[in-house]
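Same chain, two partners: chain A is paired with chain B first, then with chain C.
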Partner chain A sequence: MSKIELESITKSYGPVVAANAISTVFEESSLTCLLGPSGCGKTTLLRIIAGLETPDAGRVLFDGEDVTNLSVGRRDIGMVFQYPVVYRGLTVYENLELPLRQRGGGNMSASQRKEWIDRLLSILNLTARANQVVDGLDNESRQKVAVGRAVVRRPKVVIFDEPVTNVAVDAKIEIQRGIKQLSREIGQTILYVTHDQTEAMTLADKIILLQSGNIVESAKPVDVYNNPDSAFGGYFLGSPGMNFIAAELERADRGQAPGMRVKCSVLPEPLWLPADDASGDLPRPGAALIGIRPEEIQIVEDGTPGAVRGRVKAAALVGGGRWFLDCVTAEGDEFKMLSAAGADPGGDTEKSFLFRESVVRLYSEEGNRIARALVREDADVPA
Partner chain B sequence: MAATQHTSVQTRVKRAAYYLLLWLIALIFFLPVLWILLSSLKSTDQMLSSVPTVFFEPTFHNIVDTLNRPEFLPALINSVILSVVSVVLAVIVSFTAAYAISRFKPKGSDFLMFLLLSMRMVPAAAVIIPLFLMFVELHWKGSYVGLTLFYTMYSIPFSLWILKGFLDGVSQRFDETALICGANYLQIMFGIILPQVRPALIAAFIFNVIFVWNEFLVNYIVGGSSTQNVPGLLATGMYSGGSVDWTFMAATTSLYMMPVIVMIFFFQKYLLVGMTFGTVRGEV
Partner chain C sequence: MNAKSTTAVPNAGGRRSFMGSLGRHGFVWGLLAPALIFFCVFNVVPLIWMVGLSFYNYTLTTGNPPMFNGIDNYLSLLSDPSDWSAFSRTFLFMLLTVSLSGLIGSLLGLVFWGSKNLPGRRIALTMLFTPMLLTPASVGVFFKLMLNPNFGVISYIAELFTGHRVDFLSHQMSAQIAVLLVDVWMWAPFMTLITLAALASVPQAELEAARVDRLGWFATLKRVIFPHAKFILMLGLLLRTIDAFKTTDVVLLLTHGGPGASTELLGMRIYRLGFNSLDMGNASTMGVVALLIAIGFTSLYLYVLSLKRVEG
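Showing the complex of A and B:
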């Protein structure tokens, strides 16, 4: 129920930079997933927001109020860790009731309190175990209790630090569903750290992708997936991640319209990048990368127009009759693709591949996005 | 089929032989205890006969006699007070110290832990004379305060080691969750963390109680007649009329062993925790 702003948060542990002047905003009542490989600084960022770590520099603001130096207990947050923290010797119900007794429960009557806890228990599917002492519970149920206890006070912000990493699949879905439902009902601002991209895609209103203490992507899940700002983002999201194939940029104006020609071994005809579609000026001519998702590549009949020849090096069944293929073009550029359901394409076979031109994205050699889409050189230039 | 049956018979015979051997070893160790227990139920003549009497009519005469001795009950009460008070104090001090060392890791705490434990390696006989002189100067000779503090000091290192090992195994996420809920460190320590390490607290308590319960030397030298515990009474009361009073010895020992044996019987699962310095964890 609070808007959280980070202003140039910096934190290092010796030579390791966990947060490099990070500035971002977590909108009120939104669910933001922080995603990234191990050691990218996502947990550090959450712990700074919670007040469990102090930043070396920068400010944390809750609803415009500076809380950087406010103690953990006064920030009004809830937190769930990977490790399920439950208070032993108490029942499930008592575990949820405890934070309300401690503080913040003053403005709730006894009957309201009971009603609210019962509601939480039912959302988390714990009603049958309400009176069971937590000591005897399995890991999954303990984590549900921890989730319930974190939100029971209706804090301004709830922070989840990989809450379902150690949980079996069934319970994982149940907990995720519970969190989603709770976030809708209470309207809390939720920050959710995970290294599981599917989880982030399912839950998030916004995804923030971190790499070595820097934010590299920050957008809606669908945008991060379809049009990542960086090659790292494209590679990290998706299973397998986006393919990046070497391309060549050269200046090629079309009449009065300045533009660049993009040549690549997977494109039988070069594509064209008009100047006004690029971010800023025209990019430097020379080496670049094109990005294309594995599911945007198809195996087609030999002789299909626009197809390029290549070889399937290895195939692995991924379920649902689909195959994960490791391929290489005739010119030696490697790429990965997901085949449509069908028979085993077999390893080490020659095939024709069709790359969907309409979704080819252009990145600089350093991995920064230049363009979301390219056009055919003979296509009409948009006015 | 025949082969597997053959193997299973062989395994069973082997296992039976192992158990027999183990039982025999256990019995050898149990024999002195059995001898004391049986002796406490025998008359003086039966006890001292050169051919040990195996079958006899048990008598509670010795036990009743011991209980009626005016010096027995005060000594037993002293034993209870000294061991329970000093060990409870030691466990409280150790728990708070172990929490601080485990969570805040002050500089030099590893060396401190080593230093504390090495104190336990000094034989009591080596320090008894300086201790005596110190206690005389402090006017602690023969006082409960002096003995209790000494036993507390002596019980701390071991308790600290067990508890530190256990606390290291309790996730810091417990502390952080409680901090977020607005608890202070005292509430976290005693309300949240203490229930998590209950097995270690019990283990530390039992091990040190056994030690203080059976302590003789310090009690005998720096204690006084008013603080004498049962081992002290055994040493001084064993002689009567120029010879050893065997029935008194057997009866007192049997009575004295009972509370500890009962305690161990009920809490035996915690002993493993203590014997491994808390390195064997899990749900006890």
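Showing the complex of A and C:
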């Protein structure tokens, strides 16, 4: 169990930059999910930490010790691959025991060893199959064996490279539960690569979102979801992702207080953005983006105060009686929303929509968060 | 096409539909014909001829016509010690050449597999595969020259160590070793190639897992590499076995089976019986027995192939 630090890790394959001076910290005993679309560099980063790839520049530190030039075998890691790796001709129990029997496998007594392996088998729901030879197992059970084998030495960090891509849904949930339990009960430091945002939200203590070799988000799942630092983060997490609607910023001081007016077609009244408390900085006037999650939009009775008119272009049932709606405002801004459970709202119908002003997030045109609370223009100036 | 042909031949009787199908498939048969004719003329007919001759007493030197003598040839083969020793010599040769070329070839394969980034690897590999690409007859001639006691380079090197000229091919033991080593030299590269193919079938993730789990080289070989590589390796060894069983050309050119009968492998024995003693009956009998053994090995090979299909 260790703290893993990356310092300006850079790696490119020809013209493709897989890691662009990435620096971050994976806290001891935490479960961090590296998330991102295919080709964003998450697997490369993982393999650099494992020692299976060498970075072009930068350092990898395990508990402050530089391991950049250490080979895989000397780094003390465990790893689970996308493809379930088991050692043939051995039973499930022997597979877990094998790393302990190798050089540097620790010095547990025979009884300690048995007790520990039995505990792992029970966490992974493999006790009944302990004495079965792995050759006859299905992919799901093989992957569970691989998970057990990765943690059995209690390495400094266990690395998962999309481990549930090739297993059926039931087994997926079971393996995820096992991993979560291992992380909680034995405090194993875990790095988990996935391109599945739901999986990341379920498992992670912290999510690191990568895009083209850069970290764009790094926070607790709930924070990444609610307050993404980038438009990409908002768009990538959630299904459907966050809506981004064009807005207009213009200078509008209120008395002595400098600030900007935010106008947008989904806001019946403009909002007001105060200057940064510390620096007094104001964003550049002009085009900006408003970010709002699909579930933060409601269809309301016509004539409800604060509602704006718009049209449902298409509707699709998404389960649980909820509808996924493709909508457009009267002014032509498109957005997606999830309706409350109920009757089919129907395609191509005029509706009134209420956008919750209190959760509206403001982004620059380039997609960077302007992280300050917006207030109604007619509200009292905050003290 | 089916619908068309059924309307063209309504109420076709057995004969007519057979002729019709021959006509329809005429193009296919036409394409196959050259290969089939060659196969019949050069394989099937001589094979039937050989099986027939094996029941006759037919020695060209006597000038007598072939005389049917039932299974006498087979009985005499069973009782002739020199036939028995040709068989046992051949099996010993097979065992030694297959295991030696298998061992050396696989080790070289492992070396080349483990040195993917080494400069000059491609050139070394190409050079390594050269013996395999040579005609066995020319290999026989090369080595005969190199082992020549008067001007052969190997004899010269041996003289540097022993102080006197060594005539390898005129002593039984050294001639046997020479034949064996030449065959190993020629075929170890084949096993290297097979080994490289087998190693390429090991999934990368498993090799990486073995490094992560700190498996020693033996455990990696046993638990990761071998389970994946064994099938291709086994096929390679079987091919080598079938090939070693047939070895004739190298022996023919290197030692002609001598000195005495010390390097007389089965193929050589048949050659000598047929073309030196002109005893066609007995040569054919040995040919039939050799063929049956070869069929046995080939069936084993096909059986192993079918195992993989079931597994895969």
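Note that in this section the second predicted complex is superposed on the first by the 373 of 383 C-alpha atoms of A that agree within 3 Å, B and C clash if a C-alpha of one lies under 4 Å from a C-alpha of the other, contacts with A are read in each partner's own complex, and residues count from 1 in each chain.
FYI, a residue touches a chain if its C-beta (ideal position, glycine included) is under 8 Å from a C-beta of that chain, and two chains touch if they have at least 3 such contacts.
Note that this is a predicted model, so its numbers are computed, not measured.
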| item | value |
| --- | --- |
| Chain C versus chain B on the shared chain A, clash or fit after superposition | clash |
| Partner chain(s) touched by A:Val360 [first = chain B, second = chain C, both, neither] | neither |
| Which of chain B and chain C A:Gly78 touches, first, second, both or neither | both |
| First, second, both or neither for A:Ile9, with chain B first and chain C second | neither |
| Chain B versus chain C as contact partner of A:Ile299, first or second or both or neither | neither |
| Contacts of A:Ala19 with chain B and chain C, given as first, second, both or neither | neither |
| Contacts on chain A seen with chain B and repeated with chain C across the two complexes | 50, 52, 72-73, 77-79, 81-83, 85, 87-89, 98-99, 102-103, 146, 149, 153 |
| Residues of chain A defined as touching chain C within the complex | 50, 52, 71-73, 77-79, 81-83, 85, 87-90, 98-99, 102-105, 146, 149-150, 153 |
| List of chain A residues in touch with chain B within their complex | 50, 52, 72-75, 77-79, 81-83, 85, 87-89, 98-99, 102-103, 146, 149, 153 |
| Contact footprint of chain A on chain C as seen in their complex | 203, 205-206, 208-209, 211-216, 219, 223-224, 227 |
| In the complex, chain B residues that touch chain A | 171, 173-174, 176-177, 179-184, 192, 195-196 |
